[in-house]
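Presented below are the structures under discussion, each in the form of structure tokens.
The following pair of complexes shares a single chain, chain A, combined with chain B in the former and chain C in the latter.
What follows is the complex of A and B.
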């Protein structure tokens, strides 16, 4: 039963990814711009163009190209980047950890900001404190992440330069890392000097990504908490002698978290989408930054690879949300 | 009445809605230790509101504006909020109306029953667990281990109400507010639950403020009664006296409205419009006086 559900789920994921692959493949080939033309020096003859075209397989028909590409993908071969002339898969895997670390840090920051504010707002419901939280949340929400990035650069980079505003790590540092998960590895290797340097670089871009999500978490979780706060079992907990904060943490939070959790799943995918521009803004060496270069250079195989990886991440996030739903709600565990 | 010490004494309690209208109009009542005091009245008469004011869980917007609530000699208004909360947690308990919504759907039954004992009263976890097993036996639950490990949705409504009753008596409170504890249940289960509450009440000597709209229930379980109309106590009497010689016309009308299978013709009478007109006058007089006193 559970295995059956799991297999069904895997099949749905495969279909989704296939759909994404088709759409991306077609759209970037229909869009104007010729990668070959951009590679060649001015004055290259038509034969040169044809030769290069054949080399990258671009002389074949669209369906033929797709089948060849998909066949490669299924065997783990995503092709060769046209602009960087390297294997797409190793390029993408080399940059992915940086983006995952940034996005995860942003998500944690959003939860760290939004969760306590939601609890505070629910506890102080109907007071000036709640009104203040609503106003701040509305403001944080209506400013998009890249604009937050610019504002934060102004504040923390120019006016009070506490944090780094460019790159992932100070170039002068000697990095002993075996993987691209610098932050995780620096912690595991107990090199907290490096952790500090990485965090100093990640803090502002992560905060820029986190603020709109933090606002959404605050407003939605606060609302859900308020709805739960007048339910009978919460009233009963108050009669038992629990304080308002205890009541929220013990009785209300777990049940109120369900709608917020769903939304975090959706919003986290937006957040990862947001890394594309924010990484560019902060010259952060992640997948998003690479994606922009790939688009500018019309690097078709690289774009395809990056988009597929993004799509895979989105699908996995949805899966994770569904699983945590079952963890939080015992009624969903059986059947 | 014998000179028993008072468990609960409410004096001139008034509570208002945000618009200033009173939902409780100078309510006074006393509950002796170990006594069952019934609050009867129609829906919206403010019966539940009295229990909520006592327990400190008035709905949002409703405020206690006047009057005193004295629990075993302690005036609750004089306590700081945290101290009041702890006193309520230690000395009182609530048997809620709807067992389907009064248990947290995402927590197992066991911790929901023990949390008052361990977290508020500071019992060791092992003695709290032993205590609730004892209490589950008292409410005739045969498989305590299964129930303790269950989530609320795995139990029937009657079972859940038993669990809530067991939890209410577990900490030996001095006073229990039973807020229409049988209303949400099947008729067949209602009688069992009522008998269960009455049994436990006698065995533990707990005073109960029993909120109900059912005079039949009142006659079975209570020693004294307050009849409420529009947040006003219209008649207060020991139960046998009230049923033998109801003084207020509204009490008589309520009795006539109660279904009785033995006298089908004379029961189920709607409340007479003359009685309602008289009540409306009483309410208006009380409000005019209150407004004069409060500007």
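What follows is the complex of A and C.
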């Protein structure tokens, strides 16, 4: 029964990914403007153009091109980037770690801001403190990451230049890294000087991504906490003499966290979507920044590859949310 | 209980938000009358003038000038035109498309629902900003492309909410009664279900207008929206990001404008929702 549900879920995922592949393939091929003509030097003859079109498979019919491309993708071959003339998969894998590190740091920051504020709001429920949290949360929620990024650039980049506002790491530094997971590797190699430099670059873009999510976590977790605060077992803990903060941390939190956890999963996909423009804003060398360049350069294979990787990340996160929900929710676990 | 109290007295927020939005609309309509300068006129003698309270400012340029010597206030006022057009047209288009599909999926169920829900899944698997940039690159820059891109991407917001609401309404007694009386399915959907799912649609519509303004600003920022000469808020922001160390005001004023506009649209939507919601009223 559970296995059946799981297989059905995997089928839907495959259908979604296939749909994304079809949509992006069709959309970028109705584009006017010949990517081949753009990459040739002026003075190239029509036979040069024909030769390159054949090289990139653009001389075949649309369905033929799609089947060839999809066949390649299934074997791990995403084609060759037209503008960078490198293998798309290695380009994408080279940039993906930067984006994953930024998104993960943003998620951790959102939890670090939202969690304590929710607990504070639940403890001080009905007071001016809670009202203040509600107003701030409502405002933070309706301002998108793009605007937060710009505001933070002004505050921490110009008025009080504490953090870096451009790039991933200082270009003057010598990087001993074997992988593209710079932040993780700098910690593992105990090179905390590099960790500090990386964090100084990542702090503002990550905060811009984190603030809307932090607001959602604050408001929802506070609501869930308040709902369980009057239940018998919580009242019992209070009677036992625990302080209000202890009651929240020991008893209420683990039962109130489930709705928030589910929501964080969905919101995390929105956060990853937000990295595209935030990376651009901070010239951060991640996948999203490369995607915008790929669109501007009409680099069809690279666009397809990047969009598909983003879609894969999104469906995997949704799958992880569903699975963890099934594991954590006692009603589903025993049902 | 207290969160219900907070939403039950939305009038101050509703009025403040409405006031700001009214200002933006007036600026858009009366731009030629309000703007102190020609928003396109370049004057290299007057480049990067500071705003009026700082030393070195010039009268006639109250908020200063950009790096080509164009008056910032005039460009902000003219930029409101693009913002208002995009907010109204793109949000309505997304609303119509999404609500129609949501109603059909929620009311008819079955295959219609399955196909539309799959489409929503596929759309949600795209990073929205990348999707928008891709569509505008494909359609060619210009106001039409921006509006089409926003509508084509953001219909899913409306579709999901309307579908869920419609499914709730379709199970209620009054729908059954209408069916017994002999109303056709389309008539029930449009004249019975639709009015009852309207309140969340209206709140979403206001929210979507704010989102549309942001998406237009993002597209201008990556230089893919309207032509680069026409003043847009996002275009001014892109310019301000470049000269942030020489002239912070080029970034500050459009940023404040966008902040207030987006915040107002969302607060206005929240306020309207609680006005329309029969339970809260």
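The rule is short, and it goes like this: the second predicted complex is superposed on the first by the 308 of 335 C-alpha atoms of A that agree within 3 Å, B and C clash if a C-alpha of one lies under 4 Å from a C-alpha of the other, contacts with A are read in each partner's own complex, and residues count from 1 in each chain.
Throughout what follows, contacts are C-beta pairs under 8 Å (C-beta built on N, C-alpha and C of every residue); 3 or more make two chains touch, one makes a residue touch a chain.
Bear in mind that the values here come from a model prediction, so they are computed numbers and not experimental data.
Undergrad: Please determine, from the superposition on chain A, whether chain B and chain C clash or fit.
TA: Superposition result for chain B and chain C: fit.
Undergrad: I'd like to know which partner A:62 touches here: chain B for first, chain C for second, both or neither.
TA: neither
Undergrad: For chain A, which side has the bigger count of touched residues, chain B or chain C?
TA: More residues of chain A are touched by C.
Undergrad: Quick check for you: in the superposed arrangement, does A:126 touch first (chain B), second (chain C), both or neither?
TA: Both partners, chain B and chain C.
Undergrad: In the combined three-chain arrangement, what's the angle at chain A toward chain B and chain C (CA centres, steps of 10°)?
TA: 90
Undergrad: Is A:232 touching the first partner chain B, the second partner chain C, both, or neither of them?
TA: After superposing on A, A:232 lies in contact with chain B but is clear of chain C.
Undergrad: In the overlaid three-chain picture, which partner chain does A:240 touch, first (chain B) or second (chain C), both, or neither?
TA: first
Undergrad: Report for A:249: first if it touches chain B alone, second if chain C alone, otherwise both or neither.
TA: Neither partner.
Undergrad: Just to be sure I read the superposition right, which of the two partners does A:158 touch: chain B = first, chain C = second, or both, or neither?
TA: second
Undergrad: Per the contact definition in the header, classify A:326: touching chain B only (first), chain C only (second), both, or neither.
TA: neither
Undergrad: State the minimum pairwise Cα distance, in Å, between chain B and chain C in the overlaid complexes.
TA: 9
Undergrad: Shared contact residues on chain A for chain B and chain C?
TA: 125-126
Undergrad: Using the touch rule from the top, collect the residues of chain A that touch chain C in their complex.
TA: These residues of chain A touch chain C: 12, 15-17, 19-20, 23-24, 27-28, 30-32, 125-126, 130-131, 134, 138-139, 141-144, 146-147, 150-151, 153-154, 157-159, 223, 269, 272-277, 280-281, 288, 291-292, 295-296, 298, 303, 306-307, 310-311, 314-315.
Undergrad: Mind pulling up the chain B residues that touch chain A in the complex?
TA: Listed in rising order, the residues are 55-57, 59-60, 82, 85-86, 88-90, 92-94, 96-98, 101-107, 112, 115-116, 119-120, 151, 153, 164.
Undergrad: In their complex, what parts of chain C are in touch with chain A?
TA: That would be residues 2-3, 6, 118-119, 121-122, 124-130, 133-135, 137-138, 140, 207, 210-211, 214, 217-218, 221-222, 224, 237, 241, 244-245, 248, 251-252, 255, 258-259, 262-263, 266-267, 270 of chain C.
Undergrad: Under the definition above, what is the set of chain A residues touching chain B in their complex?
TA: Its residues touching chain B are 125-126, 230-233, 235-243, 246, 250-251, 254-255, 328-331.
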